[in-house]
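Here come two complexes built around chain A, the first alongside chain B, the second alongside chain C.
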Partner chain A sequence: MSQDTPRWRRAIARLVDASVKERLVISVAALVLAVAVGFVIVTLAGLAASCTTHPTIFGVRTPSCYDPFAVYSELFLGAIGHPEQVLFGTGTWTPLDFRVASLLRSTTLLVFTGLAVAVSFRAGMFNIGVQGQLLLGALAAALATVYAAPLVPGGVVGTLVLVPVGIVAGALAGGVWGAIPGALKAYADANEVITTIMLNFVAANLAYVAVSTWFTPADSSLVQTATIPAAARIPNVPFGFQPRDNFSLLGLLFAVALVVGVAYLLARTSFGYDLRTSGSQPEAAAYGGVKEKRTMVTSMGISGALGGISGAMLVLMVQGRWLSNLPQLGFDGITVSILAGNNPLGVGFAALLFGVLKSGSAAIGFGTNVPPALVDVLRGLIILFVAMPEFFRLLGGRLGVGGDVDA
Partner chain B sequence: MTSISLSGITKRFPGVVANDDVTLTVEEGTVHALLGENGAGKTTLMNVLYGLYEPDEGTVSVDGTERAFDSPRDAIDAGIGMIHQHFMLVDSMTVAENVVLGNEPRKWRGLRVDREAARAAVDDLCDRYGFDVDPTARVADVSVGVQQRVEILKALYRGADVLILDEPTAVLTPQEVDDLFEVLGELTAEGKTIIFITHKLGEALHAADDVTVLRDGKTVGALPTADTTREELAELMVGREVLLDIDADAGAPGDTVLDVDSLTVTDGDGIDRVADVSMRVRAGEVYGIAGVDGNGQAELVEAITGLRVPDAGAVTFDGEDVTQRSRRHHIEAGMAYVPEDRHERGLVMDSDLVANGILGSQRAPAFTTGSRIDWQSARTHATDVIDTYDVRPRDADATAASLSGGNQQKFIVGREFERDPDLVVVMHPTRGVDIGSTEFIRERLLELRDEGTAVLLVSSKLDEVTSLSDRLAVLYEGRVMDEVDPDTVTEEALGLLMAGQHPEEQ
Partner chain C sequence: MADFDRREFLKLAGGTVGASLVAGCSSGGGGGDTTKVGTVYGTGGLGDGSFNDQAKQGLERAKKELDITYEESQPENNSEFATDQQQYAQDGSFDLVNCVGYAQKDALATNAADFPDQRWALVDETVDQDNVASYRFREEAGSYLVGELAGLLTQREFSAGSGATNPDATTVGFVGGIETPLIKKFEAGFTAGVNDVSEDIDVLSSYVGSFNDPSAGQSQARSMFNSGADIIYHASAATGDGVFRAAQDIGRFAIGVDRDQSVTKSDFADVVLASMVKRVDTAVYNAINAVANGNFAGGETTRLGLEDDGVAAVYGDQLGAEIPQSVKDAVSKSRTELIAGDIDVPTEP
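This part shows the complex of A and B:
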């Protein structure tokens, strides 16, 4: 970059060219900065609020109503149920605490949607339709297990059959739904951002109509499918959280396996090479003999399948049925993927951070007098600060800033 | 009177001197052509004049006053307007709205755009310069030629006295080109000054009063078109470089490897970029294609290498009709290709050399086990190419973007030559490459030929094609003008052919 390129362009170029190690440092620094800014905001908001008891920090009674130390202690330690209590002997905490389960449950589900978005991003496309793929994947998993249940015995054998059946059904449904915008882009030049957004609505309403017309049990007042058989639930092994926590370590292991699998697919296979080359330089991909249309459809299919698997896991591990108001994990997946720099291994950590923030926010609500709106501000700050550098990297890469210094 | 005077302009980018002590003098009321090949520095120079770039050295004078433009806004204020190659128009708005955009006449104390006044102003301009443009038509509905005129109107509306047109004919049909030149005549008759950038010397001769030729960022000639000829301009543009006389003996050609039969490539606007081209390249010979850039070479090569399906004709490679086959099939059948554009095509800039070394071979058995890439053998391969072709730095983990142009080119050449191909298609192999690497690449090319490989060499450097080729075709506007013997043909005759004339016609 020569001297007369604008400052912002040079700054972004430096971000684009940052190494993995630099990016990690940037992320951690951003997290620290977000906490620092949050500290100030909490203190200032506390000054503006009125209260009867003021917190005491380091023996000094503060004029502010809120205690930022307590807030961040709840956000990060409360998220897993205050394990430091064990150290100080002030409480009984076990790794099987329900808050740990809740944190890991969010993490597990977000890994799938994060991976789904990351795969599409690496292929140079933006799959905003993960939510739709999730909804249809969830429906397929619920229906497949409900209707397959009478054909298989119960117990362990049933689980060994039904869980894979549910996951495969979810992956297929999501995969087909994801491949549609891929094919539309490849063969009709339709922008996948637009088509995936639109297909979200189509999926949501299609599923709703289908379930309300055919699959809602007669005795149900809500639009939902029948509950899946107990054998189809992800078993709570190798060791148990409380059944009511709706979390299984097996689910987390499956998520980790997929993280490794997707990382392997991208980095080590010919298909991954094609996918990444198309994503970073389509002209070079065409030159290198990559079948671009086929790669587009397949990448979006894989992305959709991962979205569908998240839906299947939501049903098999958490909800136990398809409901019309399933959580919006598909959209969180976009943030998770950007936080992770679209790196599959990073998705694991980003999902964990997301899970901590989710679980920690709830803990702040219980443990402090800070209003929920302010908690959302703190959570948003962290995501914003950590995601921004990656976001600008992405944007800069698309604008063609950085990398080549040629005229 | 001198309208524009650029003197001693030098503009450097990291690793490249885009303009090197360039001088340009344009008389008021004339059409001035800025002629040169792609990458000669024409657009950079005009961006300096238009205030988009600040020159590292040199001065810009307008009407005899020295000026320093910080931005296009300053240039516009000084009466300079630029019409870019890609139009900057809002398709959904009318012609009149586009013309006044940013400088709208207002009414109601500036609250409302005065559409009537805008229309009247545009009508007025059209009358004055004899433009046949409907101000109320939507830009999306009018032809490319009219859109270009809207761009010109926009510049005139902002008070431009000097108009810079960047490759104005690139997007036009021949009829529209004639119309444009008529418009330029009317503009100069009204006292406007025109500078147009082009690499087509016919146009420069036809439409301009004076021409300045740039090559490799330097001014190599400034002369009135009345005093020059096509061949002189062609020679100036292409240039003669230090003679690297390496061609000793001719190759010993064998069987036909590549047979191109009546190939035609039509672009989106219905213009034939390649028209009915036929050629045969035999094993053990270098078949050269000479011509000024932009005469269909790129499209021809894309059709041969499988990046584009031709509109008519056939390509037969090693006895197999590959006209409709995929790019991957071409690679697997043994066709290597050193592309013209190493930044866009030849290399994945963000990837390291290990990954770049298997671009095109990512599914070849040599580098894969099943569907898995064997990165260890890919690394060995990249290191081999780096060693054999003297790529620096000697680091397979370096990203392609971090290499200099010459080293990037050596790496691509190495990767392609090491495929053990039956045919190598090489396009501008030494463009932007230093003398040492140039010599090296040319030697390798001849070695490959001597080993019995067929070579199709496309270059706009006269010396390169004449000294390396065993047979030589000259391409002009998508057609083969003639096939000549590179050992006996004179530079004059080649210059004429490249300019679209047969020597005997003179």
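This part shows the complex of A and C:
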């Protein structure tokens, strides 16, 4: 890179060429910086707020209403239920704390949506429709298990049949819904960003109308499906969080397995190779004999299927039914994937960070007087700071800046 | 009867608060055991201008009048109810956890069983367990009153704000959100109120199938107005915005629900004759008050009616003053009779 290239280009080029170790250091530095900025914001917001009791920090009574130390202690330690209590002898803690369950629950669900977005990204497409795929996947899983239940025995056998049925139904529904924008792009040259966004609304309203017209139990005052049979819940093994925590380690293991599976698919199979080359160098891929249209449809289908699986897991592990306002995991998946640099293995860690932030914000809401809107700001800051370097790397890779283009 | 009028009503409420404040101060000597209250709001969160904000009002009132501290949490979606309820129970130091809104029923049924020593209150639904005090509303009673109001006005030539009744027809309408037992109570009360004015008045009724579809609400209301309805009562949350809009388009009237919608939806103040309000704040306050005074109503469902400010019919901010006094007097009389139990209101249409 010569001296007359503009500075921003050189800066991005350095990011693009950064080694894994450098990237890790950058991420940690970004996290620290985000916390520092957050400290200032919390303190300033606390000055503007009105309150009756002001916190005391290091023996000094502050003029600010909010205590940034307490906020960040809740965000990171509160997220796992304050294990430091054991050290200080002020309380008890087990690794099965309900905050840990909540953290791992979010992580598990976000792994699927994160993978969904990552697959589409690697294929050179931007699937913003994961939320819609999730919605329909969740609905398919709920209906499939509810209607299949009378046909199978209960107990362990029922679980062995119903759980896979639910997951496959979710994957199919999400996959078909994801393949539609893929096909529209391949055969009608319709921009997938637009179509996936639009299809989110279509999916949401389609599911809503279908459930409120046909599937809502008569005595229900909410738009929701019937509860899935107990046998269709992901069993709470190998060892137990409380059943009310709606989290199962099996679910997490399944997520980890999919992470490894998708990583293998992308890195070690010929289909993965086709997918990646159509993403990074579409002309070369076409020249090399990749059936680009079919690859587009298939990769969007796989992406959608992963989104559908996250919906199925939401129903089978967490909610036990389809509800009309599902969490926005599909959109969080976009950020998770960017945080991870669209690397399937990275998705696991990015989802874990999201899980910590999610569980930590609940802990802040419970343990401090900071309003939830401000907590969202702090959460957003961390994600923004950590994601930005990766985002510029992706951008730089697309622009062809830097030495080896392997985004 | 005076508290039927909105302004009078507020004055009265203010007076009660003031009086009990003084009482609170004078009897404040018995402090020491502060009641600790946790609150899990509905998914709209604070600032929704409806259920959650009202619940907060109840908390604030309890804080002023009673010796309490409170914590609150605002779940973003239905799947977070369970965790948010649980964090209070897990903590173990809360004397009461309030759950605002019927959507929390399922989550609470599980948590109440898992934490038998935690006392819970549920607003707008019933969980039948010994450690849950359920608070519900006599929606049918408040709806009866607005039904009577609508019945009396449709028989007259009445114009106010942007609306006017159609002298050729005596018809009123009801638009519901989703056809559930709860919403049917609104319809039943309304219809009964109208019919007690005169059996000859037609009541058109329809359900949109959604609580969040203003455009469908608008087209339903439009067709009702076009078939001669003068006044439409809605019990359909955000769908009702469409009902108000249709009333404005065609120049007829509407009756709001849950809150004084001539204030919360002030764009439509020129067509909102009255609103049937559900006093969530009263429910929350009563739940806390009961625990603070050691008579937690566990396992019971308390139905808050007209007499204890659980439900009320309040006249519109802008149009209320123009409603003839004779009509208001008749409605006030019915209110007294309802409280006395002289009128029987059905809960199913």
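To be clear about the criterion, the second predicted complex is superposed on the first by the 381 of 407 C-alpha atoms of A that agree within 3 Å, B and C clash if a C-alpha of one lies under 4 Å from a C-alpha of the other, contacts with A are read in each partner's own complex, and residues count from 1 in each chain.
As a convention for this text, a residue touches a chain if its C-beta (ideal position, glycine included) is under 8 Å from a C-beta of that chain, and two chains touch if they have at least 3 such contacts.
Here the structure is a predicted model, which is why all the values come from computation and not from measurement.
Chemist: Under the stated touch criterion, which partner chain does A:102 make contact with: chain B (first), chain C (second), both, or neither?
Modeler: second
Chemist: If you stack the two complexes on chain A, which partner ends up touching A:331: first (chain B), second (chain C), both, or neither?
Modeler: In the superposed model, A:331 contacts neither chain B nor chain C.
Chemist: Does the superposition put A:287 against chain B (first), chain C (second), both, or neither?
Modeler: The answer is first: A:287 touches chain B but not chain C.
Chemist: For A:270, select first, second, both or neither according to whether it touches chain B, chain C, the two together, or no partner.
Modeler: A:270 sits against chain B, while chain C stays out of touch.
Chemist: For A:76, is the partner it touches chain B (first), chain C (second), both, or none of the two (neither)?
Modeler: Neither partner.
Chemist: Quick one: is A:392 in contact with chain B, with chain C, with both, or with neither? Answer first, second, both or neither.
Modeler: After superposition on chain A, A:392 lies in contact with neither partner.
Chemist: Which partner does A:126 contact after superposing on A: first (chain B), second (chain C), both, neither?
Modeler: Neither: A:126 stays clear of chain B and chain C.
Chemist: Which partner does A:318 contact after superposing on A: first (chain B), second (chain C), both, neither?
Modeler: second
Chemist: Is there a shared patch on chain A that both chain B and chain C touch, and which residues make it up?
Modeler: Correct list for chain A: none, the interfaces share no residue.
Chemist: Tell me, which parts of chain C touch chain A in their complex?
Modeler: Listed in rising order, the residues are 43, 45, 71, 73-74, 76-80, 82-84, 86-88, 90-91, 102-103, 110-111, 114, 125, 178, 180-183, 209-210.
Chemist: Can you list the residues on chain A that touch chain B in the complex?
Modeler: Where chain A meets chain B, its residues are 1-2, 4, 268-274, 277, 280-281, 283-284, 286-291, 403-407.
Chemist: Please output the residues of chain B touching chain A within their complex, sorted ascending.
Modeler: Residues 12-16, 18, 44, 53-54, 307, 326-328, 330-332, 337, 339, 341, 343-351, 355, 358-360, 362-363, 368, 371-373, 375, 399, 401, 405.
Chemist: Along chain A, where are the residues that touch chain C in the complex?
Modeler: That would be residues 98, 102, 208, 212-213, 216, 219-223, 242, 244-246, 314, 318-319, 323, 325-327, 362, 365-366, 372 of chain A.
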